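Below you'll find the structure, written out as structure tokens, and then a few comments.
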């Protein structure tokens, strides 16, 4: 009788072998970048097969590393090809793109604030990206950076509360969760504003 | 039990329309079949778990997939004609 | 008995959508295949009882589709 | 051995093959096919009840889709 | 058991008459609301259907209208009674605002369907019958054969206009 873990492990190894064969055969750099994302999914599958709370605690840093690595590699690719200052225009003028973003982004941001922490920051940041992409990018880097800085201060203050007044732990957890939310949301919304303009 | 019979009727209609959508040749004529599939799935969601929050889930699924179909149809209509 | 019938039907829906997405050539057709696939996945989330997760997943999938359509509209016009 | 687990593994296998050898070999086909193994991983996470990871994974996958869309758009603007 | 299927058939007929009447009353077959609906109508007309019926099918696809209102009102009634129906009307209005539509047809359809279902509950129907009935009714309009359905809808539109 083959168990659940062994079955998943066999399937994961087959997928990893296929992914690396095609990564080996590929010569174009952008194709390789997309296949890197496939390899990331395989790595997350291996972690998810552990199937306890440990897996959940390990997947979240994996996702952080995945998105950071992907953004860095994309920027390196753009610089290497010399197309970083290329202006892409967005002539997709369907009617939905005018009406959907405020309501949908509002629901996503509200849900993210209720959820808080890194997951809430990701969901709320996705809402802000959607709004900025569909409405055109307004340059408000100073405001976003200021909010991010205050979030950092709040996070540090929460840890001081943990160390000095341990009986106020619930208050400190709330402050830390809100600060992480604001930081992740600010970082993600920077992605949304950098879609079109040439000087990022 | 009674609601499970109703749920299976919804699911059979959804699968039938998905098969019709896969067999259809033209892109714009696939979309009405997909829309019937969305109706069936939204009914199925409510019938398999009766709870007040399920109504919100069914409405969110239905509105989301309608938005998707609207965007696909509009972008297909605005594309460059060959 | 009927619960297993529902599982079989959803399995059929998911693999129909996945095969259609993988085999069709036109990008618009592939997006329709993804729509069928997501229609099969969301009832599984509801059957486990996680309704809030189902709401967010159902709202995030169209956002992903609109991002891809941004590229399609730019390419063909 | 829940049905979600078997379905998820099947989707991951099928999606990996369709990303590794796409039929018209361009960027857009690979990008759309990449959603299939993402749905498979979602089902596997669902079968182990890892809900917080599932939410974050969905959001991060959509953000990475947007990053790819931006890079591909800039790449195809020069041709 | 046979009585059950009879109830589903009667619920199908009621739902069909209800949402087709409301859609034709709010002038949905007059023109395509968004460009996608317009394109779907033209494609159906090219394959041997009627132009106005094609536009109505396109409008049903690309925005939640009275049929979606009927379905969600039945769902809301199934889970929470009359307040569920009112909540479903609010959700349909939000969906209409998302999909670039004015939102008269969906909201009024949901409200009227709530009271019709509440009336039919008194004479022995269940709310689940109406959910299945709406799905079957929408299947007959846009799931069986597009040219025939669009011809029927076009005849109804000419009779109203």
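Per-chain residue numbering starts at 1, and chain names A, B, C, D and E are given in the order in which the chains are listed.
Everything below uses one rule, namely that a contact is a pair of C-beta atoms (placed from the backbone, for glycine too) under 8 Å apart; a residue touches a chain by one contact, two chains touch by 3 or more.
Predicted, not measured: the structure shown is a model, and the values here were computed from it.
Asker: Leaving out chain B but moving nothing else, do the remaining chains stay as one piece, and if not, how do they split?
Answerer: one piece
Asker: What's the fewest number of moves from chain C to chain D, given that each move must go to a chain touching the current one?
Answerer: 1
Asker: Using the touch definition from the top, list the chains contacting both chain A and chain B.
Answerer: Both chain A and chain B are touched by C, E, going by the contact rule given at the top.
Asker: Need the most distant chain from chain B, centre defined as the mean of C-alpha atoms.
Answerer: Farthest by centroid: A.
Asker: Among all other chains, pick the one whose mean CA position is farthest from the mean CA position of chain D.
Answerer: E
Asker: Please state whether B-E or B-C has more C-beta contact pairs across its interface.
Answerer: Ranking B-E and B-C by C-beta contacts puts B-E first.
Asker: From the Cα centroids, identify the chain that ends up most central relative to all protein Cα atoms.
Answerer: C
Asker: If you average the CA atoms of chain A and of chain C, how many Å lie between those two points?
Answerer: 21
Asker: Could you please state the distance in Å, as a whole number, between where the Cα atoms of chain D are centred and where those of chain E are centred?
Answerer: 35
Asker: Quick one: chain A and chain E, Cα centre-to-centre, how many Å?
Answerer: 39
Asker: Round to the nearest whole Å and give the separation of the Cα centres of chain C and chain E.
Answerer: Here chain C and chain E have centroids separated by 24 Å.
Asker: Would you mind listing the residues of chain E that make contact with two or more other chains?
Answerer: 34-36, 94, 98-100
Asker: Out of chain B, which residues touch more than one other chain, so two or more?
Answerer: Residues 5, 31, 51, 54, 56, 67, 69-72, 74-76, 78 of chain B touch two or more partner chains.
Asker: In chain A, which residues are in touch with two or more of the other chains?
Answerer: 88, 92-97, 100, 104, 123, 126, 133
Asker: Considering every pair of chains, which are in touch?
Answerer: Those chain pairs which touch are A-B, A-C, A-D, A-E, B-C, B-E, C-D.
Asker: Which stretch or stretches of chain D touch chain C in the complex?
Answerer: 3-4, 7, 10-11, 14-15, 17-18, 23-24, 28-29, 31-33, 35-36, 39, 42-43, 46, 49, 51, 54-55, 58-59, 61-62, 65-66, 69, 72-73, 76
Asker: Mind pulling up the chain A residues that touch chain E in the complex?
Answerer: 94-96, 98-100, 103-104
Asker: For a test of understanding, state which residues of chain C touch chain D in their complex under the given definition.
Answerer: On the chain C side, the touching residues are 7, 11, 14-15, 18-19, 21-23, 25, 27, 30-31, 34, 37-38, 41, 44-45, 48, 50, 53, 56-57, 60, 63-64, 67-68, 70-72, 74-75.
Asker: Under the definition above, what is the set of chain B residues touching chain E in their complex?
Answerer: The touching residues are 2-3, 5-6, 9-10, 13, 16-17, 20, 26, 28-29, 31-33, 35-36, 39-40, 42-43, 46-47, 50-52, 54-56, 58-59, 62-63, 66-67, 69-74, 76-78.
Asker: What part of chain B is in contact with chain A in the complex they form?
Answerer: 67, 70-71, 74-75, 78
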